[in-house]
Each structure stands twice: as C-alpha cells, then as structure tokens.
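Listed below are the structures to be examined.
The following pair of complexes shares a single chain, subunit A, combined with subunit B in the former and subunit C in the latter.
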Partner chain A sequence: MAIKIALAGNPNCGKTTLFNSLTGSNQYVGNWPGVTVEKKEGKLKGHDDVVIQDLPGIYSLSPYTLEEVVARGYLVNEKPDAILNIIDGTNIERNLYLTTQLIELGIPVVMAVNMIDLVRKNGDKIDLKKLSNELGCEAVEISALKNEGSEKAAELAVAAAKKGKAGELPHVFTGSVEHAIAHIEESIQGKVDGRFLRWYAVKLFERDDKVQAELNLNKELLDHIDAHITDCEKEMDDDAESIITNQRYAYINGVVDKAVKKKPRTENLTVSDKVDQFVTNRILALPIFALIMWLMYAIAMGTSVADGGIGIGTFATDWTNDVLFGEIVPNALGGLLESIGVAGWLYGLIMDGIVAGVGAVLGFVPQMLVLFFLLSILEDVGYMARVAFIMDRIFRRFGLSGKSFIPILVGTGCGVPGVMASRTIENERDRRMTIMTTCFIPCGAKMPIIGLIAGALFGGSSWVATSAYFIGFAAIIISGIILKKTKLFAGDPAPFVMELPAYHVPAWGNVLRATWERGWSFIKRAGTVILAATIILWFLQGFGFENGAFTMVEDQDNSILAIVASAISWIFIPQGFGNWRATVASISGLIAKENVVGTFGVLYHYADELSDNGDEIWPEVAASFTALSAYSFMIFNLLCAPCFAAMGAIKREMNNGKWTAIAIGYMCLFAYCASLVVYQIGGLITGEVSFNIFTIVAIAIIAFTIYLLFRPNKYEGVNEVSFDSKKAVASK
Partner chain B sequence: MPLTMTKAGDTVTIRKITGKDEVRQHLAELGFVVGETVTVVNEISGNLILQVKEARIALDKTLAMRIIVA
Partner chain C sequence: MKTLKDVQVGETVTVAKLHGEGPVKRRIMDMGLTKGTKVYVRKVAPLGDPMELTVRNYELSVRKADAEMIEVE
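For the complex of A and B:
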C-alpha cells in the first residue's frame, strides 16, 4: 500500500514550490471530481511508495470557497496517512489557525515552517521545540524557495505516516466551550470514526450544515446538542462560530508568545509595502498598469524583432508559420508522401487539410507561450493580485469583480486559458458571468480577421483593430450590466477580499511550469478537436456533386460545404453578408478563428499559402463586401461563439451542459444583434441600405437593450437576504 | 467608526464586525477578529489594503464599512 501524504497550507505559503521540489516532474495534474479545482498529485522523489497529494491553498476547513470544500472533503473522506502542513513563518499566527483545525482531524501532522530565511532576516526566532510540544506534532524549518530542509520535512511526514498515530490534542478550547464540545463528543461517540471525534464535535458546535447533513443525526440528539450550544452562546454572549474562532486565536496567541520571539520592527513598512505605495497608488496605479500591459503585448505580439520591434513572440510565430509549417514540414512530409506514392486524395487530406489546418493553429503557440510566460511572471511576483484589486472598483460598476479581469487579460492571448483562469473566482455567479464574457475580447487568433478586413476595405487603418478591442470591452460591459439584472445572475458581486502576497523574485521553476501547462492545454486541443474538425472541413469543402456524381470537386462552389452554406446564408442577409462564402468562413471560424482568412483564400481559389492578414486576396474580398458589411462581418466573427477549443474549455469550467448552452447561445445572439444593428443603422446613415423591415428590428433591438441596461434591478440586495435565511434555517 | 473612515498609515483596533454571513467567518479566518490591530497600508477610492497579522489583505468598500474600529 502506498503512503498518502497531503500537503496543506494557506494560499501563498509556498506550497506549490515545495510540491514541485518534492515531486519533480513526477506529477499528475487533473481535476477534483465534480468541480473545476485543480488536483495535483505526485510521487515523492526517491520513494516510489509515497504519493504526495497537493491540496488547494486554504485558510480554514470551513466551507467558504470551493477550494476549502474540496480540501476538507479529501481530508475527511480519503483519510491520508499524514498531513504535511506548510506554515508561512513570517505570518505564523494566521497560518497556525489552519493548523489547529488540521490537528483536530486526528491524522498525524508535521508542520513545515516555511520562509525561514525571511524569518531570520527579520531577526525573529521560532523555537521549533516549543512549537512542537505545544501543538503535539513535529515541526521543522524549511525554505522551499531555496530548497532548504524540504527533504527533511518530507521524511518526517513519511515517518509520521508509518507510525500512524497522531499526537495528543492540544487544549485549544477552554471553560464552557470545552465543556459543551466534550458533551457533543459523548453524544456522537460510536457514530463517527473515532479519530475524527473532535473534528466532528467542533463542527457540530459551529452548526456546520454540511456536517449536520452528513451525520444524519436524529432530531432528539440534534436538539440535545443545540441546547448545549445555546447555553454556551448565552454565557459567552456571542454566536458559536465566533466563539470557536476567538478561542482558536486566543490559544494561538498563547503558543506564539511562548515559541516565537519577534524582533521589534524598526521600520513599519516592508519593501513590499513601499512598492505597493507606487503600484496601487490612486493616481499612478492605472498608468503603471497600462505601461506593463503595453510592454507585455509589445513583447508577445508587437512588431517582430526582425523588423526592429521588441516582439519576440511575433518573431517566433512568423518563423513557425513561414519556415516550419511553410517550408520544412510541407517539404519533408510532401517528399515522404510522394516517395511512398500515396493516393492523391490522401495527399490532399494530409497536406492541405491537416498540415495547413493544424499548422495554422500551432503557429500561434510561440506567441502564446511568450504571453503566458510574461503573465506567469506577473502572477508569481504577486502583481496579478494587485491588478485584481486596482480593477475591482472599475469592474464592480458593471457587475463583475476585479478578479474577472485576469481571465479577460489572459483571453487576449487565447480564450482557452482565459476561460480556465476564471477558476480563481470563488463566487459561482461571478465565475459563470466571467466565463460567458471572456471570449468577447479579441484573442490572438482573431487578429488575422481584423487584419483582413482592415487591409481589404479600410486601407489598413489602425482604428479597425482599436475599435475591435473597444467593441470587445463594450460587449463585456453591456453584458455585465444586462445579465446582472436577470434572475440567473441576481445579487451583488461577492465582496472583494483577497490576500496580496508580498512581492518576491519569481521562482522560475513555477513560472515555466505554469507557462507550459497553459500552452500545453492549447496544443493538446490542436492535436485533437482541431485536428478532427480540420479533417471534416477538408472533406466538406473538397467533396460534392459534380457532373451528377458524388466526387472530389474541381470547383469549390460545388462542394457540400458550399451547398449547405448557400442554404443557410440567408440568415446573414440582415447583417449584409448573406453570401455563402462569408457563411462558410464564419463556420470555419468555429474551428479556429484564424481559419476565416484561410477559408477565404480557398474560396477565392488562391492557390498558394496566404500571409497572415491575407493581403493576396484583398481585391476579391473588397469586391464582395462593402466597408459596412465587412465591418459587420468582423463584429459577428469577433463576438459569436468562440472556436471549438474555447467552447470545450467553457464546457469544462461550467461543468454543466445547460450553462454551456446558455453561454454559447448568448454569445451568438449578442453577435447577431450587434452586427445587425451596425449594418442596418450604419447603412441607413450612409445610404447603403434603405429603410426596411430590418431597420425596425434594429431599432427594436436598440430600444430593448437600452431597457435592459437601465431598468431597475429588482434583485438588488437579494444576496444578503438569502445568506441570512440560509443561516436561519441551519440554526433551527 | 467604520474602517472606511481611516486613512493610509493609521493603525486601529477592531471593535466589532457587523453582519452575520459566511463572509464574516472568512474575514475571521484571514485574521479580522475583534481586538486585532490593523494598519491601513493604502487606499483607493474607498477600497483598502490592510495589514493584519503580518499579511496584506485587500478589501472593498462594502466590506470595510462593516468593520468597526477605534
């Protein structure tokens, strides 16, 4: 039997760094069943029989966040053999709060006091022996970042697991509280696993509804327990949950007084605080943020280094597109296929279908990796938490929280990791809303569409791209306000409360790992969903009825895709692009947005590889669109359902079929209405379209949108009431 | 007075936290309990960055309103 050791600790205590250094590359990353909280486990280096389970960062075992629910469920149900509790030594009081709860579980605990180098630098002293004696479990000092003491901590945990016996419980609670808990213990004895007796008793004392439901106690017993709790509450003149919290802190204070010697701080502000006075300054915060963003995008997506810019990402992507998938792969693979003499159709499928299709998608990988690398650095040093804080006051005005900003930021690179980044938002409503709106922002793959339209019809004017971002943001803002007033998203955004970790030098191992995990999730899909979709699309546009027989078509206009698209292209008449080519291009955009440009290339019979913005086919595009219909086409493609990969991500993060359908349906509807309004009203002004039935539809849409935006929110304040009523039910 | 009335640099003691919901419990777990001292590190239009038990916690205005300090 393998030994299971759970890693538990507060967020930002260095848990990830320790986990990475203990397990190396020997990791398995997945999801906790039923929720989208990341689950990581790995084998301890050099010990094949020891599995380390990384639990999400938590402040306590009360179920406030999804992470806490998951961690608590794992500890109680899976019963690991030992818990390695990582404690941030620079904030020992707050961290021990979780420790006192972990100890109550009756599982052997080893405390690893992390960031010991910083503790020493501050001139503080932690007496591990006293700490260990007080809490009844072993303690060891480590510095995960400098890989000091990590192995020793793991060995102690293994030894504790083998011994299998937890130390004696410390006397956390006193007086009538201890008295009441002891009574509860007595009444539930035999009904729960003996090891967990104290844990269940304390949770029952707190009137934890999850535990009450789990134990399924009869009413008589519950009333008996409640009588004890109520007596105690009366005596202490406080509610049960607060009584427990206060006694825990009081106990910890006592322990810290004995075991920790703090050197009086000569300076009140740390380096981190000084940085924060600039970075979160009320005047400078936004300019600094804008500058960092500009720099990040210039490096990832700006003018290539080859052309005198600082765009490392662009340089790498250009190389991948033009050299790797433009020459090396096609030449090598083409030569190979010819030499073994494959059939013409198979050659076509592999070269034109798969290599061109998947290659186009993989071409974005270098750019994306650079962007994710920079984002991971910002996350690791602690800047992202500040960004959420700075943006919160702005986002709150339209119903989103500051934490929604990070997914949108990541989404400018690629919607897939953008949607995945929404995981950090605790409140389910806020998270769903963020998932629904993140894909409105133009991602990297939508840039070629913008380039095509700007180049072909607007003389390459840069305002087209600027307006695309503006429209994306407007779509997010409008959606935020409208959705917040519907029953689905009723209630205020969850109050913003977030720990800001102290700034520190990035841990490169963590940064590279995070970059790779995000990039890999994209590459993996390029190899599966996108590959399959590419093959289907290749088939649909390569085969059809010609001369009365089903065959590989000479003229794309006869393909199945053309027939189907022609049949449904009337849908886009109100948007001004009701022709089959634009319809096919939009459909192919579902596979990957940059496909839109490539599809136009195929449909206009352009034989060679197109450049990124498709400048070879600008004349043809200009001929079949007007400036207005092209702009409306662009808006539709920017806002409608994202590519399959992003839809897959939405489905996984929503973890619910109905919500996935709502999200994608909403995006399509929004895109359809927005492009209709732009074409009809714009056309009326420029004289391109005359007054018709759709003009009325457009006016109706505008009027209805204004109504949705400005109607009073009848669900205002609903949030608070529901919280109270829930508690009231629980306490009865 | 509510915490919103303090300014950057002030060090105050928590007297009371109003409201009774999960958020209050979460605040307690982050170190916001009666009797604890907090220092205001920074303030942007009502939203605060606070030092409590050696950690920096960002709070929005609505939450800061609920923490009564002296």
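For the complex of A and C:
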C-alpha cells in the first residue's frame, strides 16, 4: 500500500517550492471537493509508492477558516502515515505554533526548518537537536529554494511513516490544564480513534463546536467535561480557547529561548523592509499601485505589440484567433475535408462548429498565460498581500476583498482571465462574490455591441460607452452590498488579520508552474463545457425547416434558433426589444459577445463581413429599435450571462454546480431587472411608453432594490464556515 | 483603556488583554498576538486603514476595527 505523507505548514513558508522539488512533474492538481480551495498531490520522485499530499497553507487548526477545516478534515479522516511540517526558520515562533497542534494528532511528524540559508545569513543559529528533543519529533534543516536538504527531509518522513510511531508529547500546557485534558481523555476513551485521543481532548477543551458535533456526546458527559473546563477558566480568568492559545505561545517562547540563538540586529532594516517603506509609503503607495496595475494591464490586455503597444498577451491572442484559427487551421483542414469530399453538414460541423468552437476557447489561452505569469510574479514576490493592504478600505464596504481590484481590472479586457484571477483571494466568500460580479464590467468583446448601439442610434456619442462602464461598476457595487446581506454570504467579511510576507525574488520555477497550471485547468475543464455548448448552438443556428424538410438552412430566418427565439421573444417585451432578431442575437452572444453584432448582420441579410461596430447595418438596427429600447438591449447584453468561455471559467473557479448556477442566474436576473427599469421608467419620462403594468413592476424592482441595499444585515457576526469535511473527504 | 487602534505609528506596546470573542479573536491570537506580546506599529495604509504591525518578528496587518479589541499598555 502506498505511503501517504501530508505536507503541512504556514502560508509563505516555502511549501509550494518544496512540494515542486519533491514531486517534480509528477503532480495532480485539482480542488478539494465542493470548495474553491486548491488540492495538490504528487508522487515522491524516485518512490512510486510514496504519495505526497500538499495541504492548504494554514496558521492553526482552528475551526474557522475553510483552509483549516479542509486540512484538519484530511488529517483526521484520511490518517496520513506521516506529516512533513515545513517551518519558516526566519519566523520560527509563529510557525512552531502550528507544530504544537500537529504533534497532538498522534501522527509521526518531521519538522523541516526551511529558509535555513536566510537564517544563517542573519547570523542566527537554530539548534535542531534541542528543537527535536523539546517537541518530540525529528527536525532537519532545508532550503527548498536552493534544493538543500529537501530529499533528506522526505526520506526522514518516509522513515517515520514506516516506523508508524509518533514521538513523546511535550507538556505544552500548565498543570491544571493538563489535568483537565487528562480527565477529558479519560471520559472519551473508546469513543475516538486511540491515536487522536489527545487531539480530540484538546479540541473539546477549546469547546470546538465542530468536534463537539462530530463526537455527538451525551449531555451528561458534556456537562462533566464542561465542569472541568469551567474550573480552569475560573482559575485563569480567561476563556478556554484563549488559555490554550496563550499557553502554546508561552511554551514556544521557552523552546525558542533554548534552541534558537538570535544575533542581535546591527541594522534595523532588512532589504525587504526598505522595499516596503517605499512601496507602501503613505504617499507613494497609490501611484506605485496604479503604475504596476497599468503595466500589468498594458502587457497582458493592452494594445498589441503589432500596433505599437506593449501588449504581448493581446498580440498572442490576436495571432491565435486571426492566424492560427482564422487561416492556418481552417485552410489546412478545409482543404483536406474538401479533397476527401465530406458531406456539407459534416463540413459545417467540423469547420464552423468544432474548429470555431475550439478556436474560441483556445484563443483566450495565450493572453491568459501572459496575465497569469504576471500575477504569479506579483504573488510570489509578495506584492499581492500589499494590494489587499492598500485597497482593503474601499472594497470591504461592498463585501469584496482588496484583491478583488485585480479581477475587475482584468475583466475590462476579458472576463475569462478576470474570473480566474480571483484565485489569489484567500477568503472563500470574497472569492465567490468576486467571481459573481467580475463579468458585469464591459469586457473587450462587449465593445462592438456598445459601438453598434452608439453608432446606430446615438450618433456615435461617446457617453454610451462611458455609461456602460459606469453601469458595470454600479452593478458590482449594488450586487456587493445586496449579496453580502443575503444568507448566501451571511456574516462579516472574514477577519482581515493578514500576514504581509517579506519581499523576495520570485522563484521562477514556481511562477512558470503556477502559470501553466491555471492555463491548463482552463483548457481542460472549461474546454469541454464550452465546446459542447458551442456545437449545440451552432446546430440550432445552422439547421431548421426549409422547403418542408429538416435541413441545413440557407436563410437563418428558418433556423431552429429563430423558431425558438420567436417563441420566447415576448420575454423581452417589457424591455422594449421583444423581437426575435434581438433575441437570436442575444443568444448567439453566449458563444462570444462580439457575435451579437455579426448575428444582426446575418439576420438583416447583409452579405459581406461586417466591420467591428457593424456600421453597414446601422440603418436596419435604427429602424427596428428606438434609442431607448436599443439602450435597454445593450444593458441586458452587458450584464446578462457572459459567454460560454467565461461561464466555463466561473464553473472551474466555483468548483460547485450550485454556485455556478447561482452566479449565472443572478447575472441574468440582474440584467433583466436593470434593462426593464431603464426601458419602463425611461419610456415614461420620454413619453415612449405609457403607464402600464410593467411600470408598476419597475417601481417595485426599484423599491425592493433600495430595501435590499439599506436593510440591516441580520447575519452580521455569524461567521461560520459551513463545510462538512468528513463528507468532502469521503466523496473524493 | 488604551487599545491598539490608538497607538501612534512608530510606538511599541505590549498586549494586555484581548476583548471580543469568536473567529476574529481566535485568529488574532493564532497569529501570535497573545497577552504579553510586544507589538510595534509600523504604518497605516494610505487610505487610513488597515494598520501594519510587527509581531514576533514578522509583519501583520489588522483592521482598525479589530485593533480596537486589543487592549495594550
């Protein structure tokens, strides 16, 4: 049977680097079931029978953050054979705090004291022998970045796993607490797995409600345990949870005094401190932030290098779309298909359905890779934490994280990488909220829609585009405030008690790997969904009844999509665009938003290719819309469900069918209500619409929105992570 | 009662007591802000909140609303 080793440690302790160097390319990356937390496992290099499970970076095994719940769920339920605990040697006190909790699990632990090169450079000395004796587990010094000692650490962990025996537990707590814990151990003996006895006893002492619920003890026993806890609390004049935490740190202070010799600091500031003084300077922080964001945007999404900009990402994506999937693949494949004489419908399926569909998906990838490369650098260097630090004040009002700024900024270029950029946000709730709202911002592909409406009905006025961005931001803010008060997002924004890690030069291996992982997960998972959806829509658009037979249609007016659209276009009567062409165009926008303009071209029987903003068909569009209904149409298309690629990205990031459905459903509902209000109320003012039933609906929507915005948050203070670790691990 | 929120940038104080309860309090303690710990207030973010502290040899950021729960001397 394979040996399972869990890799545990604080965030920013070099865990990823160690994991990469131990497993090499032999990794599986996914998510923990049902949650947005990333899960990685891999085989130890040269040992096919050793599986290394990378746990989320955590500071503690408390029951409050999702990462902690996932990690302890894994440790208790999956029972790995050993834990390799990585400790940042430059930050040893806080890192040992987790160690004192890990050793209680009764699983053999090996401590790998990382960043030993930096420790030596600082002139500090860590006595591994003393450290090992104090904590009752083996200790080894490593430098994951310089690949020093990593293999030895892994070998020690394998040896510990084979031995299968945990070390002697140190006496972390004072007499009366140890006494109470011993009593608790006694009373739950036989009810839990023997080696976890100490862990469960300490958790019960802390009144950890997740453990209380799991053990389901009878009331008599609970009261008995509680009496012991209350005695301790009275004696120490503090609550049980605080007593445990205080004593752990007090114990660590003692260990560190014995085992670590710190050289007195001659200079007060490290290089990292000096960088930080400049980068988060009270005056310079915002300009520097703006400059970094501008650079990132310009390189990834900005004007292509081919057009004199610095947009490497745009250049690569243009090339993939226009040359690779615009010329090379269609020409080669088209020639091949013609030469073997395939049937017309098959030719259409392959060329217009599959090739165009795959192309639409893969076209995003180069740009995404460039963007993720830059984001990974920012993350690895340590700047991402500062982004949250700088922007927190603004974004937390809307239930978002300071880091939400980046997905939204990226979303102005393309929603797909925007949604995926949300992965840098630690808190699950903030992350979900960001994923739900990022696509409200007009992305690059929505520009042609705005151009079409502005040109056809507003004389090309630039305020149409300006107002579109304004509406996008307003949608995010309104949604943030409304959603954070709903049961879905119940509770305060997560405690913003965040480490600001020291700056360091990026580890290029990690950056490249992280970049590729994100790109690949998009191609793999989202690719299948998007491809299937694109083919289905291609079929609906290309087939129908013509001359009394079901066939590939010459005239799109006869397609199944047109029939369906005609049947459902009444839905949009309150929005002022209840005609089938507008409906077909909106649906075709699901493949890619710029398709909306092209579809109008086809439906108005314009024979040639349209320009970007479709100025050839402005007269026809102007004839079938009024200014107001066109504007309402634009708002609907900007805010409703994004393209399949973005929906695929949402599904990938939410990692949960229910949440994906909620996100997309919410966007559609919001878009429907917003465009209804604009058309009805606007129409009443301009005299285009007379007072009718929908006017009342519009007023009701406004009133309800105001209520949702200003009602008190009844879930304030409820900050539970609802996550069943047992179920999640079992359903693997 | 003086709380961490009122401490000026550049000052070093000692944690006297933690008020409040639940996840925020636990998180603050998990991060090493326990009774008797020395805290140096390094700076305040450009928009006035949150603040940056040096605790146990590393940098930590907390919101002023949460810093108010930390009594110092």
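In this text, the second predicted complex is superposed on the first by the 509 of 732 C-alpha atoms of A that agree within 3 Å, B and C clash if a C-alpha of one lies under 4 Å from a C-alpha of the other, contacts with A are read in each partner's own complex, and residues count from 1 in each chain.
One rule holds in what follows: contacts are C-beta pairs under 8 Å (C-beta built on N, C-alpha and C of every residue); 3 or more make two chains touch, one makes a residue touch a chain.
Since the model is a prediction, treat every value here as computed from it, not as a measurement.
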item	value
Partner chain in contact with A:E41 - subunit B first, subunit C second, else both or neither	neither
Contacts of A:E233 with subunit B and subunit C, given as first, second, both or neither	neither
Contacts of A:R282 with subunit B and subunit C, given as first, second, both or neither	both
First (subunit B), second (subunit C), both or neither touched by A:E653	neither
Partner chain in contact with A:E620 - subunit B first, subunit C second, else both or neither	neither
Those residues of subunit A which subunit B touches in one complex and subunit C touches in the other	59-60, 62, 64-65, 90-91, 93-94, 97, 239, 241-242, 245-246, 249, 276, 280-282, 285, 385, 389-390, 392-393, 396, 492, 495-502
Complex interface listing, subunit C residues touching subunit A	18, 21-32, 34-35, 37, 43-50, 52, 56-63, 66
Complex contacts: residues of subunit A adjacent to subunit C	59-60, 62, 64-65, 90-91, 93-94, 97, 239, 241-242, 245-246, 249-250, 276, 280-283, 285-286, 385, 389-390, 392-394, 396, 492, 495-502, 717, 719
In the complex with subunit A, residue positions of subunit B that touch it	20-23, 25-31, 33-34, 36, 39, 41-47, 49, 51-60, 62-63
Touch list for subunit A against partner subunit B, complex	59-60, 62, 64-65, 90-94, 97, 239, 241-242, 245-246, 249, 268-269, 272-273, 276-277, 280-282, 285, 385, 388-390, 392-393, 396, 492, 494-502, 720, 723-724, 727
